């Protein structure tokens, strides 16, 4: 069987072409593939479409994120649940590129984003959801009344690549996540043709992980890279609280 | 918080009314709530709609199953992936009731059945699937072409009650399944307004189960009953192989 | 002396409505303070969009698990009986109607129960997060917000001027001036904060009030 | 001496096509025998509809885990690297196109690649199981079946008389007489079983053959 372990992050992202659609796990710090993002920032690919919960930039201290890829001019479009901060006083790095039209964006409710990715992985091309009905997001969109309630039609969101981060992996690619690190990791992987994961603990031999305790089966994983200890590798940091408003 | 533990199986099913729609986990012996089914067979409710993978009757030795509920005249309709055996030489107890029209049936591909239940639990009223296109099941049904491929529209399948079986539970109702016991258990629970589970091991105190290792969160579970040791309780048995044809 | 409810008191008035066994989702900001309120002997389960079910207080400094956050990014703790699921399963819980109440901040709430909290006037884009899913699918939507904007404009209005998050869903609003229930044509005053008079509220409100 | 392939040989001819790393779903009956075939050094992963990924041989008597079965209800074992998921996730794997090949039995296969395996002539109802999902969504559908019915009627036909399971999906058929590829208007003879002549196959086949 193919060896899924890559020597370093640069090797893992080396074949990503211009125009690829890439999904990023992570909700806040947990589960965010910082090291793979940093490698992508150094990689030549441009004209990318990125899919993630946020456009980044809200974290203190700032870690490699989508905002960084945008700032380097590598991004054509972002599909996410936040194109601006919800507090008027916060300004995301992404926002100015979006406002000037340098980068396009598609704003999607977080649950719809997760479900569109899940649908892509589950071979469901489209589904109906109550989320967003009656809002600006529904304008001009197809709706349908089912059992007296109105729903929006949403389409599967397929990825070329998914970037993940997990606590543990075995050599077949079976993954386990720690606490809220799980978040978008499974759906990003299942939606993608090729899934890359950065792994925190030493890779386990096949058979060392209880089959009942696998969070994401290894059949979805194509490339794995161990995260080196800090400072060489990037790890979640304690968030500095912003001053209360 | 409400105590979810019931003294016995009869108490767990006691409020199920005539006309209820009930889903049953289980694929073969593993994960089948034999004891809850046996209690339902003794309960007065009639005119039931049952949802399960099979109509039962194929197992040797025979255990309490949907076929038994049908034989007792409690069932109006069955929604399942098998209304007959695939081998012409096998005859299910259900089949004669179906052929005479005493019981109605809706035959659904197994993956569509799982996804319709998952959709019900996930607040998705309808979705498109490639399964069944071009077959007798698609006749007269709504289809849609998406990206050049034809799909069938399928609707969520909601349950009033779900009957489950799990290896372990904690007192909040968090569940763990052993191996292929998991099968339909999670989707049946999420699709149901009220979920009943028979539990094999002693109920664990809250906090004794690793939150990362929970297969089904306790928020979906309403009633639990311990399975007594045999012979008082019903447990999976070794299947006797049928003679090769 | 300050009149009206403090931020914590607004949260307390909302938390007082939580019933035993409810599954509760708290939005970022003031709603987070609901988890500080002592509602014993009642017990609720806090759910966060990122799949955490049954989280507890913010971790004490030095004991944080950096892989465990709530929707506001705080390093929280887990209570006994907690469970973790992935994002699609977490929103299956939300869309499936298992959240008994979602408590959110808002820019505006209308008498018809519409509310707006994701996009500012004139902005291109915004921050939806999980708000639209929660608003459309939770059993109840409770809002906590200041009664007026910093510029003094009313936030309880006849119709929302900002793009709405969901329509006709708000059941109760707590502001620094009191508790208000949208009834379609007007807000009913459920209670007034200490030291707050009806006339002061009427002057700060953009639509009709009922007692 | 019996001519043509035995049941195990039919399975062997199909298993010989499995490529390294493939995810394989085996239907009940003869397809199950594919897992007996030694295809080393290649390695495939067996998937079962009930969410078992990476199962191995049938358990030896006395060592069965009664909570572990494959789609045929056999008490199988797990290989190193196995994982278990629930039914909706298992069919997400199937519909998501992750199954490289599904091997099934059939009553009939047409030259156009349609096949029928869920409902007998004149029956009310039938047994679909996971066959329609697998047939519609796996990367390849391979069929193993006897070349003719017990009554001697051909199973390789111009058009299926029985209700189909899926249309235009079959890539390869193994029968006791050989291996056949549906090409739209005819079946191509990929190979003939030992001792089987072309004329015998043509006589037992309900549509045109190509060499």
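In this document, chain identifiers A, B, C and D correspond to the written order of the chains, with residue numbering beginning at 1 in each.
Assume contacts are C-beta pairs under 8 Å (C-beta built on N, C-alpha and C of every residue); 3 or more make two chains touch, one makes a residue touch a chain.
Quick caveat: nothing in here was measured; it's all calculated off a predicted structure.
Trainee: If you tally the C-beta contacts, which comes out ahead, A-C or A-D?
Mentor: If we tally the contacting C-beta pairs, A-C comes out ahead.
Trainee: Just curious, how far off is subunit C from subunit A if you go by their C-alpha centres, in Å?
Mentor: 27
Trainee: For subunit A and subunit B, what's the span in angstrom between their mean Cα positions?
Mentor: Here the centre of subunit B sits 34 Å away from the centre of subunit A.
Trainee: Distance from the CA centroid of subunit C to that of subunit D, rounded to the nearest Å?
Mentor: Whole-Å distance between the two chain centres: 55.
Trainee: Residue numbers in subunit C touching 2 or more other chains?
Mentor: 78, 84-85, 88, 91, 94-95, 137
Trainee: Quick one: which residues in subunit B touch 2 or more of the other chains?
Mentor: 115, 118, 122-124, 129-130, 177-179, 182, 211-212, 215
Trainee: Which pairs of chains touch each other?
Mentor: A-B, A-C, A-D, B-C, B-D
Trainee: Which positions of subunit B touch subunit D when the two form their complex?
Mentor: Residues in contact with subunit D: 27-31, 53, 59, 81-86, 88, 95, 98-99, 105, 107-112, 114-115, 117-118, 129-137, 167, 177-187, 215, 235-239.
Trainee: How about subunit D: which of its residues touch subunit A in the complex?
Mentor: Within the complex, subunit D touches subunit A at residues 20-21, 23, 43, 45, 47, 53-54, 78-85, 88, 91-98, 137.
Trainee: Which of the residues in subunit A end up touching subunit B in this complex?
Mentor: So the residues of subunit A touching subunit B come out as 115, 119, 122-130, 144, 146-147, 149, 151, 155, 176-179, 182, 211-213, 215.
Trainee: State the interface residues of subunit B toward subunit C in the complex, per the touch definition above.
Mentor: That would be residues 1-2, 118, 120-124, 170-172, 174, 190, 205-207, 211-212, 214, 217-220 of subunit B.
Trainee: Which residues of subunit D touch subunit B in their complex?
Mentor: My answer: residues 28, 48-52, 64-69, 73, 75, 78, 84-88, 90-91, 94-95, 117-120, 123-133, 136-137, 163-167.
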